[in-house]
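All remarks here apply to the structure that follows.
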């Protein structure tokens, strides 16, 4: 029993965070929004860091990491508001293909030469797929209408939900950071507004919410890595809680920014929009609530402190 | 269309408020708690103000007021944390007896010489009735076990719920007042704690909640006076909202009082306990929620701005 | 208390309902935060005015019907029930109009009110400056007296409607070196006057709903000042009171939203989480409570009362109710919430409305400021330095 | 990350479970806030100590088992799952014990720790004073040096367990005229020493859970001082850190409450409102999240890390979770919530628990203080005067 995150995954996540902070700032998001939405140079950078092969076995040219390690990277993608379809391809499709024994394309995927856009019956769209275009509130999301024959594989759903939850946590963390940074410098009534308790306590509430979502996320990822039968419950817990934390972070951050937060000029809106989009992706709040209720209240999942890791 | 409270009812309520503030302070509650729970002198004072005959027709020696006027007095009973069974007898039982045409006892009730403790299937107890005693968290509540054959008359339920809601509003108002008074004088870090935004905003939230419960209460009372078929919906709205406001006021007030609020020495606990008791009386939060949902979501009650007073 | 409408009120409701049924555009207008949509909304204002429906409570001499607040509420109820468009004229008829009626001279009333009622002149507000948002007394933009003119220099921001409107109103520092609430005057100015540069601010959804205004030696006649020189703060506080108080957000708007939300819940009831279900019913109750409260305040005002700091309670309540209703809709829509066009082909008004609702707790005095006002003026808690 | 227990850990769990099954009193004890109940709880402490279960993480030389934090968590999980009594010894084993281990001399460790572990000496805390609650640095009670003794004069309040405990610990002003955090020392004192008057404070439910302490020339040997003279604030902050941090509220307690709450929901599911239903499930999720978080912190501490200002996040979360769980239970119970004995004849533990839960956001540093700490130390927001 050791709830520490694997040091090598944490180190990689930190490297990715630094890399994205340096190369993928709000200016890049603005440029992509002005035209193109995707940029092969960004993608190539991710490939060069090995991220497309993160979950691909080492035998196929990948890093062979766990889903927990993948969730740590998905969180960084959320934090940076990365729009490239890295998560869907490398962190959702790859482990699903591996689980199905469909390993033919893994090396090509790891090399960054193939994107896999998987439809699922729970989503009315496919992200970065092909077909009739749909307009999302998130200008950097490329959606097309879902095919009518999309399957409803439960493992695929859990992978998508887990990685969406991880991105939502990263998005929420970034929104909190932006609000804190603004509150430190914006002055009203002769003081930085971050000195007022109304602002302090609002942001403290976001910090509390995030502190108690992160371990749920890691526990869900580990439950999937361990193949626990209870993994869907834990994934749903993570997605549900991450959704609420992201909404809370977004509403709190825009309130702290005041009218500035309502502009395109401030960066915040990119993160808010991504959060609203991912909140409904791979099972919305209702869907995941019902899975939790069915398991926990329905009696399939044992309750009580002695069953913490059931 | 005129949503003003009737001036004569408001005047009477103000007179009752002053009278109770002068004769029925926390010292009286402490004395009653130390022994006796009820005091004939208090009761006699209420009788002399005509309150036992508030809803009794003038022809029977009463004041012949409306339920709205009665709700204004019930709110004052809540504000003063009055324990005498005035509300149950004069504001719940009397109008019910009148509606049933059972008018024989009205003059005696108006004269303060008869209490009427009505059981109802929704309550597991009878307040100030006779039978096996039950211990309430509220030391000034006299409860006995309900008889097995208690009826479930819907009018009686609505009357009980309406007057409970009115008391809850008064209780909540009093708790807010107590918290404000404490916050004005208690100093920490060199300032009255009421100067800190954390305290200000907490109490402002209670003020907001109350501001938007009071008109719901008056509207419910008027709907009963008018005999609207939608009256049960409005009563349930009032009880549900008043319950939440009272819980919020209690939790906020004790937090503002800090450790002092946790003592018997501070007056607050009498009000909190009454609020917790009345929250469950005459239909709890669940009961009233379901009535609201059935009517509003079920389609029986028309929705939309053009139906505000349906 | 009498909660029944009079026959006259019922007849008025019927008249409003019939007029709206015949005139409300069948197609939803383009957002008024874009030029084409703004023009559509201005056309609608003129259509309303043609039926004498611009502002029913205004005296008939200024283009109103001289009706009372109950009739105004009835009009609003029908207006929102009919799904009529947003009001491009809102800053004028709800904020500036009442301000001019209270503080303006007879000449000013005659000059400014009728074209306002007719939708001929659309007004923008210009309160905030880059350094003066919640702290409005920190205004720096100056209006220097030069004979029978003021000469304005400086900058305003978050000026709503200002990208496309005709005239603006705001507070300016007319006394050199004055501090805080002193030395400010309330001025009206032509947005097309020489020296004014409008820079539309792109909002988070991409449309320019408000603008920055740059003033470079802009000359404004002294007769455009409302009330005395240096009395601007008092006037602005009254205007802000109108804004937060009764007029800005009539209950009909929120009740219409609540009814739509309940309809959405019915459609999605088989998958809505139970908590979301109760939340929606609670929010409907909130919209009802807001309506009752407004009727109560209206009755008090009609009986000679006024709305003071309670306006802050109002503002907190409606803005957080509106945000919560739209948030609930986002959760009900689930995977479709992010789509600008819903699967049935309709525009995703819930998404647009959610984004707009996020501004509610910010504008017209942030809810943090409103909670301070509530605590200090209604509850009597002390003011302390930065707290 | 490895979320499976080792065979040794599983065996330990089994051992704890069996011992508790054999020893936990079948009858619920009387509340420890009354003398008779306190004595019952002290007897239980001694029973625990007899099995060497007083505090499993303490070194064996002081009466512990020298186990690690994971084993402590396992012990706590089984403890609360078994419905074992509250700990009369809590101030000692969770707060003062770790403080003495960190700051005490070898003599102090040998003198105070073993009787603490055995439940022979029950400790009360004595932090607050009438004018020093949230603002603990406002402490006024003095401890004047007189040879090899301090002489204490003044008053402490909200001293939990002090009505019936044996010894107390707290902060006293040992430097005359010193201000705020300076000149304070951390002293241990015999509650039966001459000059101490205990006045039990009647709590809102009627029982005297805490007490006021009056000190009139109370002589305390200098060797009862923990750490150096004037170093009291530093020591107290560490103690408060233990209180808010890992030890005060182990997750097992809240998970046991959550499981009981879920069972109550099952019993009342046919009448619970849908929002209350989701609220209960959410609260269960919250208790799980709190457990995961604690395991994560424990793992970090075992790897040489420490818990700092994050302890404030913890304290906010568990105290508001606990209150919300009990509030939900009150609503589920509905008309029975007010009854001290439920219709089935059992004591209404939910009511008792709700009342107790209201103290959670107040004690151990109010949640307002914790939110300030969170904002200033974790988020880096500025400290401003009164704000």
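Letters A, B, C and D mark the chains as written, and numbering starts fresh at 1 in each.
In this section, contacts are C-beta pairs under 8 Å (C-beta built on N, C-alpha and C of every residue); 3 or more make two chains touch, one makes a residue touch a chain.
Keep in mind that what you see is a predicted model, and the values were worked out from it rather than measured.
Colleague: Using mean Cα positions as chain centres, tell me which chain lies farthest from chain B.
Modeller: Looking at centroid distances, A is the chain farthest away.
Colleague: Measuring from the mean C-alpha position of chain B to the mean C-alpha position of chain D, what distance in angstrom results?
Modeller: 37
Colleague: Just curious, how far off is chain B from chain A if you go by their C-alpha centres, in Å?
Modeller: The answer is 49 Å.
Colleague: Send over the residues of chain B in touch with two or more other chains.
Modeller: Correct list: 191, 195-199, 201, 289, 293.
Colleague: Mark out which residues of chain C touch at least two other chains, giving numbers and ranges.
Modeller: Within chain C, the residues that touch at least two other chains are 273-278, 368, 371-372, 384-387.
Colleague: Taking touching chains as linked, do they make an open path (line), a single closed cycle (ring), a hub with spokes (star), an all-linked set (complete), or other?
Modeller: Chain contacts: complete, every pair touches.
Colleague: Quick check: in the complex, which residue numbers of chain B touch chain A?
Modeller: For chain B paired with chain A, touching residues are 196-198, 201.
Colleague: Contact residues on chain C for chain A in the complex?
Modeller: 128, 131, 133-135, 138, 157-158, 201-206, 271-276, 323, 327, 330-341, 343, 351, 354-355, 358-359, 361-363, 366-368, 371-372, 386-387
Colleague: Within the complex, which stretch of chain A touches chain D?
Modeller: It is residues 1-6, 68, 176, 180, 183-184, 191-192, 194-197, 199-201, 203-205, 207-208, 211-216, 218-219, 222-223, 226, 237, 240-241, 289, 292-293, 296-297, 303-306, 308-309 of chain A that touch chain D.
Colleague: Which residues of chain B touch chain D in the complex?
Modeller: It is residues 122-125, 134-139, 141, 143, 187-191, 195-199, 247, 251, 254-255, 258-259, 261-265, 268-269, 272-273, 276-277, 279-281, 284-287, 289-290, 293 of chain B that touch chain D.
Colleague: So in the complex, the part of chain C that touches chain B is made up of which residues?
Modeller: On the chain C side, the touching residues are 1-6, 9, 13, 17, 70, 76-78, 80-81, 251-253, 255-256, 258-259, 262-263, 265-266, 277-278, 281, 284-286, 288-293, 295-296, 298-300, 303, 310, 313, 316-317, 368, 370-372, 374-376, 378-385, 387.
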